[in-house]
């Protein structure tokens, strides 16, 4: 990929003075750091990420969550209730049971332990309605758009509330199923055509057209 | 019947240093995290990658890296005579050598306590299935976004009718004097798979080894081409996209 | 005791590397020295042939049993060679009981390859009735103590057992085998020897012990026949080898094979 006085950024590695990409992606240079934007890949949790997860198991101490990552995550009861409580299984299931979905935030993840989640901040918590769309996590930045331009457009044109999980899961919640369907279609289009130009305009057009047809 | 005639041409018309026709496709399967399909001579091989993902059974997980597993399997209808679907000893051995050939290129240390699984299904076999399997496996791993040091590639050479030849066909493998499958990491030229059966003098062995490596490099060009074909649109328009995004953002 | 044998000691690796720079190994051997080799044959009276070979502390016993059966469809005029290996649990804390795993299958197939490809056994002489009946020569490798380098030890024991095996002289009349009284040797015409070369860092060593195996990056096992030809190869482990490593290994293996053959099989009257 390059040779010289750089430092190895994301998805690259260095041998001697030469830099190689370790993934299929788009190479970039920012200052003196070379990095590759992946076109494919699994979601690796980063503390601070918003992640939408599904409860898959219950343990004493917390819920085990599927967050679309190679590692199952833990939502400790302390991070849900915010207090020490007598963790009897039936109390836990009253709050969250297997199959329930949450919008959570990753608080910890490193080589030695599985990711830890919290739902204690505002905007986080159990999901009670709406639709979940799952896309390739590497395409999430495109759904957000530069400075939120794309997600802003989607919410404005469809009237839906959209919560984006860095882990590739997106919650779409609208006033009616048609609006939700329009938003979901738009999201899938963004995923398919993430690499093309003029995408924001194209999506805007798509959404306006749908409205005309329906009314 | 000689496998190589007086003009140095083989039964299928190839010269000693020519490959059989090869066609590769990346991302063939929907559900797998990564996949690739290869046609090499009459070989038809499909490879799927799942992972990195949780290891089952859990106690097999490794504390410092991902557990890389490989299953080479032949479909019952892949050979002349129907093959029993149960894993044969040959399939077990090939699963092991293929795993050992590809693993050096994977950054397994980036995903401790997870597993990466490769499934190689030989739909039709025509000699050289392990080489085709390894070649497609590297692409399936790249397609899955698994970080790699290199694309491991494989090709065999051997001896047929007294001549050292590249890429043995099925009949040359069966009736020839020796078969030497080799896999390399093209960037360094180092060997990750080396097997041999037959009889070769030390000098012939070295010639066959070098010819196989030459074949590997030729196949590597096809690997890169297959990836480019799949992801080419993205490559060409990245700069335009960045500019367009900036414009859009400033306008709003 | 916890199963920690899979995890190598980091300080051991350091020690091995330091010694290698001085062309020495943990047990004082030179890079191209084999450990002490002992070989005996004919210990199991009930088998047609048997051998017990030890290289250092690694001990492998091979038994040869000859039975009658049907030849393979693609070689109707030939007898059958069937090699099997068992890594019995008593041989190492890391061997578990159960069906053959990939290590025992690989061991059997690589030893088989050396014998088969070198045409050591003249299987044409073991045909009874073309397409219908032939002798099956079972070579069963039984690893008794694992201290590294199972391939060389097993291959030596196998060729020794085959070379010293005896069967009743036979003739075919009316499509049936008729056994005579005399014992004759099996038609063994070649004596392939397997040599394992291990790469540690950038050095090649011969006959890695179990201790050394934890530091080995890559290995190549070469089967060499009586004329110095290579008849089988297997690279194992997840490291890499350069072309120079391989070419050098072949030359070393050719020399070592001659030495081992002379030492273990030289005294036999054949």
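Think of it as A, B and C in the order they're written, each chain with its own count starting at 1.
To be clear about the criterion, a residue touches a chain if its C-beta (ideal position, glycine included) is under 8 Å from a C-beta of that chain, and two chains touch if they have at least 3 such contacts.
Not measured: the values here are computed from a predicted model.
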Discussion item. Based on mean C-alpha positions, I'd like to know which chain lies farthest from chain B.
Written reply: A
Worksheet item: Whose Cα centre is nearest the centre of all Cα atoms in view?
Response: B
Worksheet entry | Inter-centroid spacing, chain C versus chain B (mean Cα positions, whole Å) | 29
Discussion item. So the centre of each chain is just the mean of its C-alpha atoms; given that, what is the distance between chain A and chain C in Å?
Written reply: 55
Worksheet entry | Distance from the mean Cα position of chain B to that of chain A, given in whole angstrom | 33
Practice prompt. Would you mind writing out the residues of chain A in touch with chain B in their complex?
Written response: 11, 13, 20, 22-24, 26, 38-42, 70-72, 111, 138, 145-147, 149, 152, 195-198, 200-201
Fill in: Parts of chain B lying in touch with chain C, wherever the complex brings them together
89-90, 92-93, 95-97, 99-100, 103-104, 180, 185, 188-202, 205-206, 209-210, 213
Worksheet, complete the sentence: Within their complex, chain B touches chain A through residues 33-34, 51-54, 107, 111-114, 142-149, 187, 227, 231, 233-235, 237-238, 240-241, 244-246, 248-249, 252
Worksheet entry | Residues of chain C that touch chain B when the two form their complex | 100, 102, 105-106, 108-109, 113, 116-119, 220, 225, 228-243, 245-247, 250-251, 254
